[in-house]
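You will see two complexes here that share subunit A, one where it goes with subunit B and one where it goes with subunit C.
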Partner chain A sequence: MSIMSLQNVKVCFESQVILKSINLEIKRGEAFVIIGPSGQGKTTLLKTLSGLVTPQNGKVFIEQKEWLTLSFKEQLPVLRKMGILFQKNALFDSFTCIENIAFPLQELGTLTEREIEKKAEYFLDAVGMAHARDLFPDEISGGMQKRLGIARALALDPEIIFYDDPTAGLDPITAKKIIDLIIFLKNQQDSTIVAVTNDMNRAYQLADRIGMVIDGGLLMTGTPEETRNHPDLRVQQFIHGNLTGPLNAMT
Partner chain B sequence: MISLFTETFLGVFRPPFRKKEFFQQLHFVANTSLAIIVFCVSFAAIVTILESSFHMKLVIQNDSMVPGFAAVLILRELAAIVTALLLASRIGAGYAAEIGSMQITEQIDALKMLGIDPINYLVVPRFLASIAGTMMLTVIANVFCLLSAILVSQLYLGFTFGMFISSMHRFVHFQDIIFSMIKGACFGAVIPIVASYFGFNCKQGAEGVGHATTNTVVLASIGIIVVDFILSYTFSHIY
Partner chain C sequence: MKFLAEIFGELGGTLLFLKTIMTTLVNKKIRRSDVFTQIWSVIIASFPTTAMAGFFVGAIMTVQFALLMNEFGALGYLGGLSTSATVREIGPLLIAFMLSGKVGAFTSAELGTMRVTEQIDAIRCLGSDPLQEIIVPRFIGIVIASFFLLGFGLIMSIFGGMILGDIFAGVNFQEYLRHIPTVVNPVSILFGTVKCGSFAVVTATVSTYKGFTTTGGAKGVGKAVVSTSVMTMILIVLMDWFTSFIGDIVLQIARGYRS
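And then the complex of A and B:
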């Protein structure tokens, strides 16, 4: 059963067409990894799936509900089942680390102060950030910001988690730690995952299914195995990171 | 922008009510702007009274009505508009930059995804705080305007305190004070709406935030002057 689906979705930003006619279904419990060259619309696709970007055309279904026809109030229960790590983290810079996690919990209005604090500390600890509790986001390193972003995304125990480029700008060891954390969390909670990454090893490791975005369209979707053996030369060039091939003409 | 205003206005009556944010913002509006507003309006009042005295003497060789005129001008127009225009640049720019940078760093999206309505969380407290703050500052500005006018007319124009008050009495009505506060409230409403609009529609990059702030100050100032005209016109029918 699909938890999110896009039907004929077209997204434009000021007359520039970013996504054209995308059809995609994400199944419950699946880990879907989006790959593709820079600036081709991966983030836009992820944000469309999460309901943040409003397409010019087509329909977005999230939990069987036609998203664009819902008011914010009707969206609220579904939004609380989703967690997202943004590419630029989007941490609240006027809050300390612990407050960043506690804030969405406070907004729920169902927990006591003590419970909120305990829960926030638990997540901070889970991403190995307990020592940075009272620092502000701009006082911690990029890797720590990512981890804090993940902790915040997880704070509401989401059933659907979006990760936009969780390893961008990180050194290989930190990157591996973050991916391990994501895989660990996935196995623990069997949530649905949509992730953007260009690290192919990690993509194979994490994904049940991979989709490649090129030129505003989904060039292919398939298992890691199918992706590896895909006949299209552009896919082959991209996953092997070759400098020469059909992709050069586009960027 | 109209839809943002409607949503904000309706949002005022919808829970959750954010007292903490409201008082933070009120502090930002009132406290940090108080000194500069008192300074500017006082001087504006001094200039007004000196100029009108000078011209009255020139034209009708008599400036006995000056305190009354000046008081009316101050109460009906000067204090409220100078306060509002100063706030438009001071808090309008502040709000636009703040919301704009939250927009481009995806913090607004993050709020939405955490199930927090950005209008409820960001705009409504600023809207209410700006209305309350501008009203309060307008009252304070009126007081300081009159005080400096009295002082100057005593020192340079030779009116005693009693003369000033009795001259003022002939011209000024109680409504003037109420209208001045209504003006303050309306100006206060214009600023955060304009600022939030440009903030939410901020383009990527530092340049985007710059545009959002500049546009806010320009449009909020124009908005205030237009609203001022409409209100003055309406009030003139009520007198």
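And then the complex of A and C:
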């Protein structure tokens, strides 16, 4: 059963076409990883799936509801089932680490101050950042900011979590730790994951299904095994990181 | 033609944004603590500059009027006239320029940075309305704080006028203050207050709109700040003319000169 789907979605920014005629279904509980060269529309695809980007054409369904026809009030219960880790983390820089996690909990309006603090501390501890409780985002490292972003995304116990390049700019060890953390949290919460990454090792590690975006279109979707053995030369060039091939002309 | 279309596009966008702010203000619950924080931060940010500018505007007005009134032998009215001019025109205009230069630019830069670093998207994704959370409190904060700053700026301008009146024209403090109530009537105060409020609405709307709709990274934030300053200055001057024009008509009708 699909939790999100796109039907003939076209997204343009001013005169530039970013996504053209995308059809995609994400099943409940699966981990779908979007791969593809830089500047081809991966983040836009993720943001369209999460309802953050409004397409010029086509339909977006989230939890069987046609997203673009809903008012913000009607979207709110669904939004609260989602968590997003942004590419640049989008942490609130005037809030401390604990306040960043507490923010969505406060907005719920159903928890007491004590409950909010306890829950925020739990998530901070879950990502191994209990010691950074009262520090501001610009006082912690890039890896810690990623972990804080993950903790904030998880604060509302979301059913759908979007990760926009969760390992960007991190060293291999920290990147592996972050992916392990995402997999651990997925198994614990049985949530649906949509992630963007350029790192094929992490993609294979995380994905139930992989989709490759090239030139604003979805070139293929398939299991990690199907992706490895895909006959398209562009897929093969990308996953093996070859310097020569058909992608060079595009990127 | 394209230039005109852009100007009308900007004006239309700003007015629609004001409508959205008003709808949010009426329909959604705004946290009082957020509003008080904004009022306080605007007052703190603009307090020293408003005090200094208010003092010197009062002083300048007094010197200018003293030169003229000395010729007519009417120095006794110096305090009343310079205060009246400050209350009706210079005071609100000065506060508005202060607010647009300091608070307006700061607000659009702050919101613009939040936009380009995806913090505004994050607020929405975390199940909150960015308008309710960050825009409306700032809007109310700027508007309410402007009245406090106007009052304070006017007090400082009277103080500046008193000192310069004494030094420059030999009008002592008692004499300076004596004719203020006769010249500065409630209509002048009402005019000043309405102007101050309308200028503050212009500054608050433009700065939040420009910040909220920023695109394109650091360069985009810079553009938003410049555009906020230019647009608020132009709109404040236009609004000054408009409020004076409307005020004059209302006054004529009230006095029975016009039906």
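As a working rule, the second predicted complex is superposed on the first by the 251 of 251 C-alpha atoms of A that agree within 3 Å, B and C clash if a C-alpha of one lies under 4 Å from a C-alpha of the other, contacts with A are read in each partner's own complex, and residues count from 1 in each chain.
The rule we apply is simple: a contact is a pair of C-beta atoms (placed from the backbone, for glycine too) under 8 Å apart; a residue touches a chain by one contact, two chains touch by 3 or more.
Just so it is clear, the model here is predicted, and its values are computed rather than measured.
In this superposed model built on subunit A, subunit B and subunit C take up the same space, so to speak, and clash.
In the overlay built on the shared chain, the residue A:Pro104 is in contact with subunit B and with subunit C. Of the two partner chains placed around the shared chain by superposition, neither subunit B nor subunit C is touched by A:Gly241.
Legend: residue contacts after superposition of the two complexes on their common chain; A:Pro172 is shown touching neither subunit B nor subunit C. Within the superposed three-chain model, A:Leu52 lies in touch with subunit B and with subunit C [touch as defined at top].
Of the two partner chains placed around the shared chain by superposition, subunit B and subunit C are both touched by A:Met82.
By the touch criterion defined above, A:Phe72 reaches both subunit B and subunit C.
Look at A:Pro231: by the touch rule set out above, it reaches neither subunit B nor subunit C.
Common to the subunit B and subunit C contact sets on subunit A are residues 47, 50, 52, 72, 76, 79-80, 82-84, 86-88, 90-93, 103-104, 107-108, 152, 156. The residues of subunit A lying in touch with subunit C in their complex are 47, 50, 52, 72, 76, 79-80, 82-84, 86-88, 90-93, 103-104, 107-108, 152, 155-156.
The touching residues of subunit C, when paired with subunit A in their complex, are 117-119, 121-122, 124-129.
Subunit B makes touch with subunit A in their complex at residues 16, 105-107, 109-110, 112-117.
Against subunit B, in their complex, subunit A makes its touches with residues 47, 50, 52, 72, 76, 79-80, 82-84, 86-93, 103-104, 107-109, 152, 156.
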